[in-house]
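The first chain written gets the first letter, and so on, giving A, B, C, D, E and F; residue counts start at 1 in each chain.
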Amino acid sequence: MKPVKRIEIVVDSVELNRLVEILEQSQLKGYTVIKDVLGRGGHGLRDGGDLTDVLTNVYVLVACNEDQVQPVIDGVRPLLKRFGGICLVSDAQWVIH
Amino acid sequence: MKPVKRIEIVVDSVELNRLVEILEQSQLKGYTVIKDVLGRGGHGLRDGGDLTDVLTNVYVLVACNEDQVQPVIDGVRPLLKRFGGICLVSDAQWVIH
Amino acid sequence: MKPVKRIEIVVDSVELNRLVEILEQSQLKGYTVIKDVLGRGGHGLRDGGDLTDVLTNVYVLVACNEDQVQPVIDGVRPLLKRFGGICLVSDAQWVIH
Amino acid sequence: MDIDTILSNALNPPVLFFFLGVAAVLLKSDLEIPQPLPKLFSLYLLLVIGFKGGMELHHGGFNTQVLLTFIAAITAAIAVPVASFFILRIKLDVYNAAAIAASYGSVSAVTFVTATSLLQQLAVPYDGYMVAALALMESPAIVAGVLLVRLYANKQEKGIDWPEVLREAFLNGSVVLLVGSLLIGLVASDSAEKSLQPFTQGIFYGVLTFFLLDMGLLAARRIKDLTKTGPFLIGFGILAPLVNAVIAILIAKLIGMGEGNALLFAVLCASASYIAVPAAMRLSVPEANPSLYVSMALAITFPFNIIFGIPLYLQLIRIIGV
Amino acid sequence: MDIDTILSNALNPPVLFFFLGVAAVLLKSDLEIPQPLPKLFSLYLLLVIGFKGGMELHHGGFNTQVLLTFIAAITAAIAVPVASFFILRIKLDVYNAAAIAASYGSVSAVTFVTATSLLQQLAVPYDGYMVAALALMESPAIVAGVLLVRLYANKQEKGIDWPEVLREAFLNGSVVLLVGSLLIGLVASDSAEKSLQPFTQGIFYGVLTFFLLDMGLLAARRIKDLTKTGPFLIGFGILAPLVNAVIAILIAKLIGMGEGNALLFAVLCASASYIAVPAAMRLSVPEANPSLYVSMALAITFPFNIIFGIPLYLQLIRIIGV
Amino acid sequence: MDIDTILSNALNPPVLFFFLGVAAVLLKSDLEIPQPLPKLFSLYLLLVIGFKGGMELHHGGFNTQVLLTFIAAITAAIAVPVASFFILRIKLDVYNAAAIAASYGSVSAVTFVTATSLLQQLAVPYDGYMVAALALMESPAIVAGVLLVRLYANKQEKGIDWPEVLREAFLNGSVVLLVGSLLIGLVASDSAEKSLQPFTQGIFYGVLTFFLLDMGLLAARRIKDLTKTGPFLIGFGILAPLVNAVIAILIAKLIGMGEGNALLFAVLCASASYIAVPAAMRLSVPEANPSLYVSMALAITFPFNIIFGIPLYLQLIRIIGV
């Protein structure tokens, strides 16, 4: 097992493509995406029940090395500032297979 | 980055409204909800394949300050006791944007 | 609250049944499953937009005691080696109810 | 017992596709009709039977026969859960007994619809107000179930959240859609009826067939839960419909229902709910185990009714000479 | 004001089911039409009105009347957002004013379709090219909205990503499906038309009815956002459609549109978008609050139009004597 | 080469909507038909072609011609994957060669259905038992693919889980639904056939059209994977269908098939599977890269067949004079 960092990002589903671009620009070729995520935050309630994805979020999980964390955060911060959302970083062990 | 606590709650989807009420009563205006979650626990298999939400769960993620954790847990415990489900608390760093 | 380990596994949805068998063989009767998960990794992009589950993943979360972690990892490693996917282990507190 | 009515019923595409669904699961095929398609079908069926019932009521009108039928329906919707509760209490705790009793006191719209499609094939007439009887029988059993728990559960549960329970019983999705469509059918003009006809009449039998393929998949997946239910409950899942149907047929004869109405009334009493009641029980009686009452309604009673029950009850009605 | 046109419109199944949807939410029922079923219905409606519009255009042909209608449509799609922006600026910041103005400058295909089904019932003819006018009026308002932000928002936003904005405006899902189906309807052979008829004509009214039940649920869920919108915006949500419709009717009279076309043109100007524009605004004007412009279009203007608007505008057209 | 058959085929709404889907993706529009709608359409198509095939078989009956066709179908379903494997081995590793060979040895029900709808338009008769041939050709290629890996992959894989492989090949969702519906169609009464008609016949062409819009979106999204497939595989994706079709047409002439049956047999040999085989390959040959065999079947061979292939093969059949 090797120590890694877990980055969790919840952002408006309309921003998914931009977020993926940012991850790939930081050489992060591994990420997991969960769509149709609901929630509530500074920008109000996103209960999804709508004809467009306007009121739904996406949850993105990225496992990466410690040194890759800062570039991703710097890349994501302007996105979060403009469109809202959250980003959490926590520790984990990666099972080597 | 500021240290926060990650609260994860998995509970029967029929209890979602009650769970959200408990969060909002503890002044927690930020949470993320994933629906149609399946699983297995003390109350048996919830494989969702059904005409109602009776056999599906919801996954709720809340990022909050350390001092907000205890009220939420006290609020959620009776719900878990009566309807089943789990609640996990872990550490994380919140990216300030 | 009691300390537990959080095991997160993302694997191709075609392998869900095999993964569940491995968990149950390691006496783990409690797990949470999120379907229709997308992502990217060594095996390329899984954007799900398909007529079969061939290009979608599942996310499995297991909360268990420290001593149960090793058997699960040993059970899951061959599956990850053959079909790809990731497995992360992190710490958390379990709310006793 | 005239076998060929059972056979002719079993050779109808809806029932055949139900068998196909069951067979697919038993053969461990990965055939699956993913969420939320089952909900789309059940919403469509509720909307259509409600609307068509309303239109027929609009032509029909109200008389004592209708009133008697409604009274019989409500009485059955209360008597069946109470009687079932005490029988189930022989083997079960209060919570599970109440939840199963509520399921059997309520109704299955899909069983009702499968019966109407058999009646249409045999050109046996039935009245639109039977759909109103269906709506009337959805909710009382839920209230009865919660009341039985309140009365017989020893631990002092903090009071019942009555607004919540009544909303669950009388305002759940199935009841609102069924009653709403019924009222709309009542006021809809003939030209609206005609322009809706390809949707409510044309593709109806096809959608019912597709839905019963799905019901076969869902029912067969619950069969594995039956290992935990045990022989007593499996027996109840078959005998309760039979007993309820026989009583219903006697009542039907008493108040002079026609052959078609009598079959539908028998099917309402003999069918168990696996949509409205489970949702309500999860909220109001969480101590009950859903895989018990859902698997009994879906994997025993539903298949029994659409394969054997419906033709059998019709046979009985003809023997007793309604 | 001739009440019975409003009444006869309100007694149509689509509108009645819209009421049922609203009632279900107000009664706190758990009736729900889960994702992605609403999207299936809206995709079906766009495909069918586009295809039918194309087929009628194929029979119809092009003349100055058509050209004048298209010019009027594009002018309205630019004038309405600009005018609305300045009115809204009385009370709102630049971002929200621009987003709401863009919604009201664009159109609601479902309102258009509900109007065509009323015209069909009253046997009032209308032309296929009105669907082309619908397509023309989807996009300009989005560009207008982004331009208004660019001009009047003080903070120096790094330049507008024009390719992104233009793609959002002219190549969003609704426009591509509508225009694509229209072109395919144009070239489709008569035999293809006949074999598609049960799908595009037969079940159309039924799917529209099912969809309006869903629209009732969606609209009613947005009502709670209206508490934050405040009286000014609620007033705008009702007056803007009225004013736009009156102006549209005058223009229609000016260029000599028929009764049916005039109603459709009025409905296009009076309706607000809750599918194409919100998706575009989220991307290009993220500072605007979606629960504002979505709830106004979905919970105020859409219900107003299908319950009162459509019959009212028809009444006005007949009074002014188009 | 008679261009107008290609043109008349390409101007059919289903093919035109396929183009619309491809265009939407190339234009980077956000037009999307969300899951699980594509699965709903594919389940509907399999159910309907199976049921209709069964009904026609019921009228038809069994004779040597039918037997010969079935033998030809099974031989093709084994010969094509073996031949393709060795050709693909020129450039590919064992795993990918076997997975792609299995896809091309199997069939695409949607391509088959598009061909039947062209035959119906040109009023060219064909027999119900061709649907049985379709069912027969779904599975053998999967077994062949796994066997080829077993024989030629050097690393000593712990034995093949034969029960799992056979279940994947013969009991996957597509085969069970197709064969099940076929058997039900065989026993269904005429009155049942009539009441199902609006569902199986009426809206069929419309649902096929809607589905091909979706297939256009799915196929176009796979095009970007083709950059990794390379010219050899793109060439294979076009030449394999042509070669297979020519051989199939010669066999058809040999055993005296009619024009309609010959086209369907050619289309079966020329089409590649993107539903049943990928699911099976993921389980049994995980080393193969799904974006290779899925993108070849969906983004090269499927479009080639419905745009050029089908009319071309019909042309060839008329030239060779079946």
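Please note the rule applied: a residue touches a chain if its C-beta (ideal position, glycine included) is under 8 Å from a C-beta of that chain, and two chains touch if they have at least 3 such contacts.
Predicted model only: the values in this text are computed from it and were never measured.
Asker: Hopping along touching chains only, can you work out the least number of steps from chain A to chain F?
Answerer: 2
Asker: Counting one step for each move to a touching chain, how far apart are chain A and chain E?
Answerer: 1
Asker: When the contacting C-beta pairs are counted for B-D and for A-C, which pair yields the higher total?
Answerer: A-C
Asker: Do chain B and chain C face each other with the same patch, meaning over half of the contact numbers show up on both, or with different patches?
Answerer: Chain B vs chain C: different; shared/all numbers falls short of half.
Asker: Select the chain at the greatest separation from chain E, using centres from the mean of Cα atoms.
Answerer: It is C.
Asker: Can you check how far apart chain C and chain F are, centre to centre, with Cα atoms defining each centre and the answer in Å?
Answerer: The mean C-alpha positions of chain C and chain F differ by 34 Å.
Asker: Rounded to a whole Å, what is the gap between the Cα centroids of chain E and chain F?
Answerer: 41
Asker: I'd like to verify one number: the distance from the centre of chain B to the centre of chain F, where each centre is the average of its C-alpha atoms, in whole angstrom.
Answerer: Comparing mean C-alpha positions, chain F is 46 Å from chain B.
Asker: Touching two or more other chains, which residues of chain D qualify?
Answerer: Within chain D, residues 32, 35-36, 39, 198, 202-203, 279 contact more than one other chain.
Asker: Give the residues of chain A touching no fewer than two other chains, as numbers and ranges.
Answerer: 34, 36, 90-91
Asker: Determine which chains touch and list them pairwise.
Answerer: A-B, A-C, A-E, B-C, B-D, C-F, D-E, D-F, E-F
Asker: Which residues, counting only chain E, touch chain F once they are in their complex?
Answerer: Touching chain F from chain E are residues 35-36, 39-40, 43-44, 47, 51, 167, 171-173, 175-177, 180-181, 184, 187-189, 191-192, 195-196, 198-200, 202-203, 279.
Asker: Which of the residues in chain D come into contact with chain F in the complex?
Answerer: Touching chain F from chain D are residues 11-13, 16-17, 20, 23-24, 27-37, 120-121, 198, 202-203, 205-207, 209-210, 213.
Asker: Under the definition above, what is the set of chain C residues touching chain A in their complex?
Answerer: On the chain C side, the touching residues are 8, 10, 34, 36-42, 57, 59, 73, 76-77, 80-81, 86-91.
Asker: In the complex formed with chain A, which residues of chain B make contact?
Answerer: 1, 4, 6, 29-35, 61, 63, 90-95, 97
Asker: Over in the complex, which chain A residues touch chain E? Could you list them?
Answerer: These residues of chain A touch chain E: 12, 14, 36, 43-45, 47-55, 82-84.
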